[in-house]
Each structure stands twice: as C-alpha cells, then as structure tokens.
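By letter and in written order, the chains are A, B, C and D; residue numbering begins at 1 in each of them.
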Amino acid sequence: MKNNIGTNISLTVFGESHGPQIGAVLDGLPAGFAVDEDRIAADMEKRRAKGRISTQRHEADEVHIVSGYFNGYTTGTALTILINNSNTRSKDYEKTKNRLRPGHADYTAFEKYHGFQDYRGGGHFSGRLTACLVAAGSICRQILEQKGVFIGSHMEQLYSIHDDVFSDDLETLKEQIDLMNHREFAVLNTEVGRQMKEKIEAVASQGDSLGGILETAVIGLPTGIGEPMFDSVESVLSHLLFSVPAVKGVSFGLGFGFAKVKGSQGNDDFHADPYGHITTMTNHNAGINGGITNGMPIVIHTVIKPTASIYQPQPSVDYQTRENVTLQIEGRHDPCIVHRARVVVDSVVAFGLLDLWMSKKATEDWVCA
Amino acid sequence: MKNNIGTNISLTVFGESHGPQIGAVLDGLPAGFAVDEDRIAADMEKRRAKGRISTQRHEADEVHIVSGYFNGYTTGTALTILINNSNTRSKDYEKTKNRLRPGHADYTAFEKYHGFQDYRGGGHFSGRLTACLVAAGSICRQILEQKGVFIGSHMEQLYSIHDDVFSDDLETLKEQIDLMNHREFAVLNTEVGRQMKEKIEAVASQGDSLGGILETAVIGLPTGIGEPMFDSVESVLSHLLFSVPAVKGVSFGLGFGFAKVKGSQGNDDFHADPYGHITTMTNHNAGINGGITNGMPIVIHTVIKPTASIYQPQPSVDYQTRENVTLQIEGRHDPCIVHRARVVVDSVVAFGLLDLWMSKKATEDWVCA
Amino acid sequence: MKNNIGTNISLTVFGESHGPQIGAVLDGLPAGFAVDEDRIAADMEKRRAKGRISTQRHEADEVHIVSGYFNGYTTGTALTILINNSNTRSKDYEKTKNRLRPGHADYTAFEKYHGFQDYRGGGHFSGRLTACLVAAGSICRQILEQKGVFIGSHMEQLYSIHDDVFSDDLETLKEQIDLMNHREFAVLNTEVGRQMKEKIEAVASQGDSLGGILETAVIGLPTGIGEPMFDSVESVLSHLLFSVPAVKGVSFGLGFGFAKVKGSQGNDDFHADPYGHITTMTNHNAGINGGITNGMPIVIHTVIKPTASIYQPQPSVDYQTRENVTLQIEGRHDPCIVHRARVVVDSVVAFGLLDLWMSKKATEDWVCA
Amino acid sequence: MKNNIGTNISLTVFGESHGPQIGAVLDGLPAGFAVDEDRIAADMEKRRAKGRISTQRHEADEVHIVSGYFNGYTTGTALTILINNSNTRSKDYEKTKNRLRPGHADYTAFEKYHGFQDYRGGGHFSGRLTACLVAAGSICRQILEQKGVFIGSHMEQLYSIHDDVFSDDLETLKEQIDLMNHREFAVLNTEVGRQMKEKIEAVASQGDSLGGILETAVIGLPTGIGEPMFDSVESVLSHLLFSVPAVKGVSFGLGFGFAKVKGSQGNDDFHADPYGHITTMTNHNAGINGGITNGMPIVIHTVIKPTASIYQPQPSVDYQTRENVTLQIEGRHDPCIVHRARVVVDSVVAFGLLDLWMSKKATEDWVCA
C-alpha cells in the first residue's frame, strides 16, 4: 500500500520536501521499550547532509515523538515521529517546475498526479522523506540490538573505487559493523574513504554526480525467520530497499555472481560443531535458504544510482508546452547520496526483519504437549 | 503474508511437491474475461520439464479451473486452479530426510516448522509450486496483452555463455519478446542456445548444476503506474521475483552498473516528438522513475542460482543426530532451472503489474469537473 | 480483500454452489498441531442439511485436506481444504436465471459481474460456501480448545419463540457451551427446540421461511487480546460475522439494550478476589473493554434473516427484458438456516480470535530486562 | 491492523488524549480534489463539545493539513491531519491512575500494555481520537458528495425517548439527511430533541450518563459496490463502526427485527419502472444484497453505550495493590456522547464506502470488446 507497509508492525510515511513537516507512524511496537533518543539522533546524524560532499540544504533533523511514547517508554500504541522542514528555498523550483529533470520523478509525478503534485524540492519523491525511515528504523534497530542483532553497511564501491569487503569471520564482522556504525563516512578502509570523498568533490565541481554499491550485513538473527513463498526474507527486504529512492538493484550473498558458479561451488555445506550447533562452511546464500534465515549473517548488496539532479545542462521537455528545452537545474542537491543512504538501508532492513521476526513469534508456542 | 499477495487482485498459493495437488486462488479478476485455456497450457509447457536439461520427473501439468470461471469467462469471483501431482517418488526422500541439502531449504524448514514439514521432494519449498504461479500469471498476462502490454524473457547469461541482449529499438524489442514467447529455449541467438544446452548437459553429467541471468522486458504499459514510496514498481516486482525459489538478485535497467557511471551518463534525457509525446532518449532507468512507470520498456535482470540439489557427494549434517555426514542425494533434479524459470518470471511480473495498474484505476476519475 | 481475510493467519475461500468443488486455504497455522479430522467431520455434521427443516439438497460434505498437512499434523504451510459438490441440480436455475429473487444476491451479482456470474444455485453467493468456513474454523477451534478456550452458540430466538439464555455463572456457561456443541439442534431448552422445529415445518409447508437470533459465548480467553482502534475484538468479529450470508445485525453484551440503561447500570464494576484475580461483577460489556478482552466471557448476538429463497410467488423483474414478472422459485432451499448457521458463527469467531491472539503474541516478550 | 485500515485508501490514526497532538494519515486519495476546509471545520464543529450536555473540556479542534495538500488541492500522496491538544488537565488522572474505571479500557490497557500505556485522559482509548476520524472522514464525504452520495445520521433513540425515523421516500429522506447535516443536535423532531437535551442534563446532574441509537442513511450510491465474502458492505462498515469507542451493536435495515418476520415479509420485491430502472418496493435489506449495494438507501443502526466515566462512586480495584476500592472519578467527562458521535459514524461510513467504491473501479473496464 502506497505509503504504508508491514504486517505486525506497520510503518506509514508522509510529507513533502518543502511542506511544514515530514513524519512517520510506527505502529505495533511492543510496550515498555525504553527508546534511546540520543541513539535516534546519532542515526539521524549519519544521514544528515554536511560538508561539500552533500547538499547545502542543512536541516537540524530533530525528531519529535508525539504519540505512543510516555515517560521514556513505548506505550504499545501508534508511535508518531514528526520532523520539521526548516531550510527550504521553494522559489528555486518555480521557474523550472514544468521542465522535467532527467532521471527524476518529475515526469511520472505529472502523469500520475495530473499536475497536482507538490513539485517543490521533489515533493513527496524527495530523498528528504528517508529521514522518516531512519528515525523509525532506529527504534526497530534498538529493539533488535537488545536481542543481539546488529546491522551495518559500508560503501563497497563508489564509481571505480572499491572498499575492502566484509569479513567472513563472525567476530571480525561484528567489529566491522560496530566500526561502521560509529564512522561518519562508512568505509572499512579509510584511505579508500579519502579517495572516495575526493572523487565526490571532483565530480561535484563538474556539476555531475556519482552512485555506488552498499554492502550490508546483519548478524545475530535466529534461524527460522521469513516465510516460504511471498514473504521470503529476500522479498520483504527488497520490497523495502527498492522503496528507498535511487535504489536500482538488490542482491543477496553471491547475488549476480551465482550465474558464474556451479551448484557445487554455490552451495554452502553444512557443519555441526561438537555441541550440535549447525552452521554453513561458506555463506554464499547470505544466511537465507528457501526465504528463511539459517543463522548465518545476512549479506546484501544495494546499488544506489548517481543523484539525478545535476547542474550540467540537460536535454529536457517542458511538460505544459511540450517543447524540447535545455534544463539548467537550480536548487541544492547532493553530488552523491551513497554515504547518506547507508543508514537508510540499515533502517529499512531493521524494520523488515523485526516485522518478520514478529510474524514468527505469532505462530509459535501454540501446541500444548 | 506468507502464501498470499496482492492488493486489488490477490494470489494465494498452496501445495507440496508430493501432495495430491498444488494450486492457486486468483481473486479480484475482472468479470467477463474470456480465458484462453490453450494459452495457459502453452505457458505451462514452457515451464514443463523435458529432455536431458531438466529433471526426469515429468508431469502433465494440466490446469483445472474449479471456481470463478463459467462458460469460458471469468465470473469476477475467486478463480481457483488445481494441478495434480502424479509422478512422485517419495521414497527417494525418506532415507535422507534428516540429511540437510546444502543450498536448499531443508535446514531452515526444520528450524521453522520443527520437523513437521513435508520433506518429500522439498515439500512446500519445491520449485514445483512455481507451476501455480505460471497458471495464475498466464491469466494476468492475457488481460495485459489485450491492453497492449507484452512481457518476455530470455537467458542473457548461463555460466560463462552470453546471449545477445534485448534491443533498445521498440519495434525490434516487440519482435524479440514475441519470438521468446514462441521459442522453447528462450535465447535470442540460437547458436548461443545450442552452446548453453550442451553446457547444461555436460555439467549434468558431472552431477553438478548451473545458474544464470534472465533479462525480462515489458512493453506497452501506460505511464503513471506504481506508487511513490512502498509500492514502487521495483518494490512490488522484486517482492514477487524474490518469492521465486533460487532468485538471489534483481535489478532494473543499468542495475549494478549504475555504480560505475556519473549522473550525466545515467540520466535519461527527455524528448518530445512533434505530437507532444514524451519519451526518454535512453532507458537506463528501465521505464521507472520515482517508482512509477514513464512509458518506456521495463527491463529487469534476475539471477537464478544453480540448482541446490546436485548429485555430487556433499558435506552435510544429520539434523536429528547432529553428526557430520556425507550427503548423496537421490531423487530427480534439474541440472539447471534457468530455462524453465523464465516463464515463472514473466508470470509474477504480469501479476504485479496488473495489480499496480488496478490500484491506479481505483484512484482515477473521481474529480468531477 | 474480497475472499481473503486475516493478519497472522489468513483464510481464503473459493467456489460456487454448483462448481466441482468449494474450498478454503488456511495459512499461517502453527506447525505440529494434530488436527482431529473426526472433529472436523462432527462440526461439518452440525451444518449439514438433514430432515424437513433444511434443504433437500443433501451433501456428504466430506473434507479433503490436500496441503499443509502431513502425517496427521499441520506442517505450518498453507492448509487447503476441498469439499466436493455432488448433489447439484443446475437445471432448476436455468429457467429463472434472469428473474431476480427478492432478498437474494441475484440482482447485485448482475450489477457487479455484468451477467458473467455463475447463477446456478446462487453461485458464489450460496450459503454452501459456509461449509468452507466451518471446516477451516474447526481447526482454529481445536487449537483454541487445547488452550482452554471454548465457543458455543444456541438459537436464542426463532420468530416469536425464545430459548433460555446463557448463564452468567461461568461453570454453568461452560456446561451449556459443551451441551450446545453436542446437541444437533442448538437450544438450551429442548421443549423450546421442539416448538421451533414445528414452527419451521409449519412455515415450510406454507412455502415461507424464518430467521432468528443466535447467542454465542466464548470462555477462557486471556486478557489483552484485541487492538485499540481498528482491530477491536468487536470490529474483527463483526467483520467476519457479516461475511456470513443472511447476517444483518451483530451486537455484544447488552448490545442495543445499552440505549435503555444509564452508565451506572451499564458499567461492569470491578472486583478482586483474595488472590488478586480481577473480574467484573456483571458482564454487560461482553468481556470487551476498549476493544480488548478483559477475561470475562464474550457474548455475541447475531441475527440471521429468513431465507430469501421462498416458494411463494413473488413480484420480481426479468433482468434482461426489464419486465415486471411473478417469480416462482424452483430449486431446493432451506425454510430456515438459523440452526445450521450456528456452527458457522462459532467457526468465524474462532478464526477471528485465534488471529487476534496471534497478533498479541507477535508483540510480546521483546523487552529484555 | 491496529491503527490502520483500508485497501485502496488507507487511514492511520495516532495520538493520545493528553499528548501534544493527535492526527491521521489518509493515503490513496485521488489527486486534484479541492478540499473544502470550511466544511471540515463544520464537520468538526458537530463533534465538538459545547454546552452542558457535553464534557467541559473544550478544544478548538482546528485541523492542520501538513502533507498531501498543495494550493488547495489534494496531491494524491499521503494527506496528514494534525489536531492540537490544548485544554488538558492531566493531574486529574494521576491520583486515580491505578483505579480501574468500570466500563472503560483502563483494565484492558494495563493487561495489554503492562502499565506502559498513557493513562492520562484515557490515552489512546480516549474518544478524543474520533476527532481524527471526523477530519479524515470529512474529506471522504466531500468526494462522495460531488458524486451524488449523501450521508446523514440522527439520534433515533436516547434512553426512553424516540425520535421520528428516516422516511422511506427518497426525496423526503434526502431532505432529512440535509437537515441533519445542518442541525447541531441531530434529531428529526425538534420537540423530541428538547426532551433529549433535558434528559441528558438531568442525568448529568445525577453524575450519571446516557446512551442511545443512531440511525444513519446513505443515498445515491451506485449498484455493485461491496465484495461477496469478506468485504461485504456490512463487514466493512461494521468493522469501522465498532472501531468507534462505545459502539456495542450495529445492524442494517430491519436488523434484529428480521428474527420476527417471515421470508415473505422480509424480502424486498423487485420492480422495474417504465425506463427499465430496477428498484425494490421495500428496503428491509438496507440497500445491500449479498454484501453488495443494490442502489437503495443504506440504513444502519448503531448503538452507543452510556459514557463509562460517571461521577457516582463505583466499586473498583486498584490495579497495583489488587485492593477492592471505591472509585470517585475526577476529570471532565461527557454525560452523553450520542449527539457528538453521529458525525463520527457518518465519517467512518464515508471512508468505508469510498474505499469499497475504489475497489470496484479497480476491476472495471478491463475487458476490451
């Protein structure tokens, strides 16, 4: 459904880039969870624009919880988050409101909403709405973390620059996730990070933009989460990930690399340790078999396309006059959003996994011995 | 929800590999649509196992419509499809029922269903259930086709063998789609097809298996289909595609290639023809901007991993005794399912797009002048 | 959604009165539940037509479980029920297929499905489909019963004849529920039952029909089931009850009697016993406060209208010619369905409460101390 | 789902009685609808407390639309309504927060939310949240009205005082609906209204409260709206109506009166006028056959129980100490909410019917000739 998703917990997102407020309703949370508001702020900070590698629209992104939260604890009823839009410059958009930005949703918004869409700053299609996903997702993450589940992402690739990859060793991976969640620019290799920033700045100075690939890992999930057919872990997570603007590809484990291996190479052999604990010796399937978690880390690759709004002149069309025109974008835009998107990815993954875990709980412990 | 999906039309899938019947309920269809049963049979035939490149379990896959269908037309009420399982050899599975097949859902089924799962032939996790998706999807496709929407897939890659790619030219693409829907082994280049079949047979003789990448194209969709946030076209289609067993990656347009281009290269510039009809000059975004169709072809890449069930001995674990064992699989399995999966992919794409189109219709023509 | 309902468990119903089969898919059941097939048969028997007080269409109503069930236990995947239609006489309906039965769905089916509906025996609108509700509901009831939850209904009113009412005393009520579940004609007072049967037979001989009111009680539910706003216990149960053909009113506890009392009379005062167990001293609110169970019995009244299909000549319209005509119904119809409907009511109530209970479980035990 | 409902349009409600704001997200609206904000204010005014017959908590109930609305028109994206809580006196509730109000949700909230619920003013269970239903419902009503659909309710019964009933004559009924929508105290017979107000004031002076029955009529709906099984018009509307606090019974047409008539009396005979337009000669079935509209007025009865919060001392229990106590409520409460509830009833009915109509549109015009 349009702006609402979820089964046992549901998330409703609303707002426009230049409206008074954006927000989210997170419903179905357990009662009595002590939300760490500082942690929400820390997660918001990871997404917040700053420096020359992001948009010059700087927002405080302060999160106001106006319902479902009482004396520091979730009440169990619908929890509502409001975030103010303060730093808007709507006039940047008036002049070009009929000129369709290539790669952006301007044209499709016209076709779907017949000209009634709020065009200012991309309106409802703005990446600004991902702030709501982060705030809501932060609460989901906190719940998962107290259960021993940790999520983290890094920028595996930016243009032609490649970061190190997440480790196959669980202990090392745990440290890497922790590191990513404390590092402002999420790369494993800081020298690579320096190169990536330079590359973004260089491309920004050309009025152009860049995309990249995020690698996300989830550790600590129990086995048996996910459903066999339509709510496979992959289905639920990809649904959420493709809801994030600019995502154009999602894969799990070996992903598209599965095309190039044989079954004997792609299968993950099982092993039991002396205590009878079963793991797989490799993790090509990213902790998911038949759509259901097997206890190994979930590993996801998500590609973020280069920001559509670039400052170079682009061939376009005036929607009203149907004339071919040259578009010169104004407004303030990101030369790259991959580094800001990583916490958005973590957030929607957290929401999806918490919801699937709840569905598992719903069907358990029904059979009396 | 587990085995049910959809908003205005919904699809419920049920059954197990060795149960008496598998089936699907397709609800919310328009009344009065003349279903072409021969076409369903033709679509089923594309998925049906035959020859040495598929499993030796040969099923008639005859489709019985037992409700929602009267005198050759849909009634508008829930349409139910039943398909018999006739060629089952359950004893192949008894001996090894506690030995977990690497890459398959045996272990996760144990963990989720606590040993109560039907293990015969993979039970509910069998690729056999995709027969239901094809039968239901065929009806959706037929509805779309009379509206001028056509869907087709080919095997773009199998191991290291690459087919030609779909054309950027709409007329040519239409012909290619038509060709794929009439060709038994879906490749554009028949010489490549011959090589692929040889490769599958060679790998089969080693007791191993192969995967590949399907390229799928959809033409003729109107603009304005899809929702802005959670029901983006990419979200809905990927949700369905990752419900198909063995799918481990889905991308749209340039997909993961977006990481390697700049915005100026990845954006699709707009152009208006003399009649005011707007198109894009390239189609890197696969006909989707902001989650909504822009009228250009939708182009999807789906990776299918190599069949998990291979005949080579594999390290495994006995779930009950927790002993490390060597698994020697019996039963009849496909050395490759990519060629059979292509019509499954077409089918779920058809379902998803029809449902999204219906959602669009639901909100239109409400405002009186 | 049309023919599908539920959150953690879902129920999909399909079929037509004179099609080959009707059925249901019950998805989301816990794995490992030992279904008692004899009990399903016993529940089906309560709904089955027999004697002069029901239709002369006698069906075996044998229930075939074709998926989600293995070696006597639920597998946890979609459980599918098929029931054959064997005793059909479709020609009874051909002659009058355009003559709209007053009170029935003939006209609205024409308007909704544009003449493509299966008109034979009421098609999808036939009370025959409630057989699916009973079969699926019987499994839900069995799960609830092992948890100590019992459901029963009796015919509180038939025309001007009134049965005794359910007791306020919990022990007595439990015995009454048990009695109703073993009595073929569900009345507390057997002398009243004799009068009711006579009345039905008398009215049947006039070619007319009767309705009535069912009183349903549920005992043993834990507190805290139900949701605060849209999924209140009353909302979920009424949604299901109004899905049963011929239901035209649903109330809880005092119901419409609440209009005639003051707050001081309608409120249920609280009382704690020496062990600190809290109950209410009366139960006007039917065990539900704020949409959520308080541990007292749920008491529901459901009105079933007189069967629409009667044998008296009725003014009607020919849908095709638009002529005013006199309709003389053929076919075989029930002079009363209240006695058959009671187990249908029990069944949908069981489904609704099990689903709500599952939703409660999904959000519990998330907060680590 | 808890605080979210709807298929093609969805409504999410959030907030607590004494939180900073309550609100609603109405998603899936058609784009380009010119919302009449004065009309929203007028509908809010009908629900607003004033005079001695309502609570002394007087709120401005100003509606702020913060998303999905641009330049006076709906944009088609999620429309969000915020309403401030300004006149709160939370200290009234602290003293008695563990003393369970009979008839209210205090006990069930404790049991469900384990003490983490916001107890102030009833928190999420407060009738205050119905302000959100009215604001959202007003927009739905406006859309329906431009399509010729009108909804109105009157207080048919208050304690032992009975209003006139809605007319069977369509023209007269239309005038009555219009009158009710302009009358502050919704009764057809103003002398009866005077008596009702006196009765409320008299009961209020005793520290007691009253309930009543609302009769609601909907005219102008096309035929063919509603679904055959689970989304019957009655199912969808009752689900919404039972979501309104204090509703304990809902019936359609003759309702519980159907138990006392024969089929020959309860059926509505069909008649075609000279133009071939089909109507029924009576309307016992309230414009709904088989769950689907037949073009006749929908007529609903909804019982509202007496306000649970009364000022008389009541036997209760302290939840923490488990002691039996006498509860003396403070705070400000309504002696009757029936007169305020009528516009809430109209509002949820409008939402439900608009959503069902949208579902009908989704499946129409698919079959090409």
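Here is the rule we use: a contact is a pair of C-beta atoms (placed from the backbone, for glycine too) under 8 Å apart; a residue touches a chain by one contact, two chains touch by 3 or more.
Being a predicted model, the structure only gives us computed values, none of them experimental.
More C-beta pairs touch across one of A-C and A-D than the other; that pair is A-D.
The two sequence copies subunit A and subunit B touch through a face in which the numbers common to both exceed half of the numbers used overall. Comparing mean CA positions across the assembly, the chain most remote from subunit D is B.
Look at where the CA atoms of subunit A average out and do the same for subunit B: the two points lie 26 Å apart.
With centres taken as mean Cα positions, subunit C sits 45 Å from subunit A. Mean C-alpha positions place subunit A and subunit D at a centre distance of 38 Å. For subunit C, the set of residues that touch two or more other chains comprises 1-4, 7, 13, 28, 31-32, 76-77, 112, 124, 228, 359. Against subunit D, in their complex, subunit B makes its touches with residues 7-9, 28-33, 76-77, 143, 146-147, 228, 358-359, 361-368.
Residues of subunit A touching subunit D in their complex: 1-4, 6-7, 10, 12-16, 19-23, 25, 27-28, 31-32, 66-68, 70, 73-80, 82, 112-118, 123-124. By the touch rule above, subunit A contacts subunit B in their complex via residues 1-5, 7, 13, 100, 102-109, 111-112, 124-125, 129, 157-160, 203, 208-213, 223-224, 226-232, 234-236, 238-240, 242-243, 245, 247-256, 258-272, 276, 278, 280-281, 284-286, 288-295, 301, 303-310, 312, 314-317, 319, 322-324, 360.
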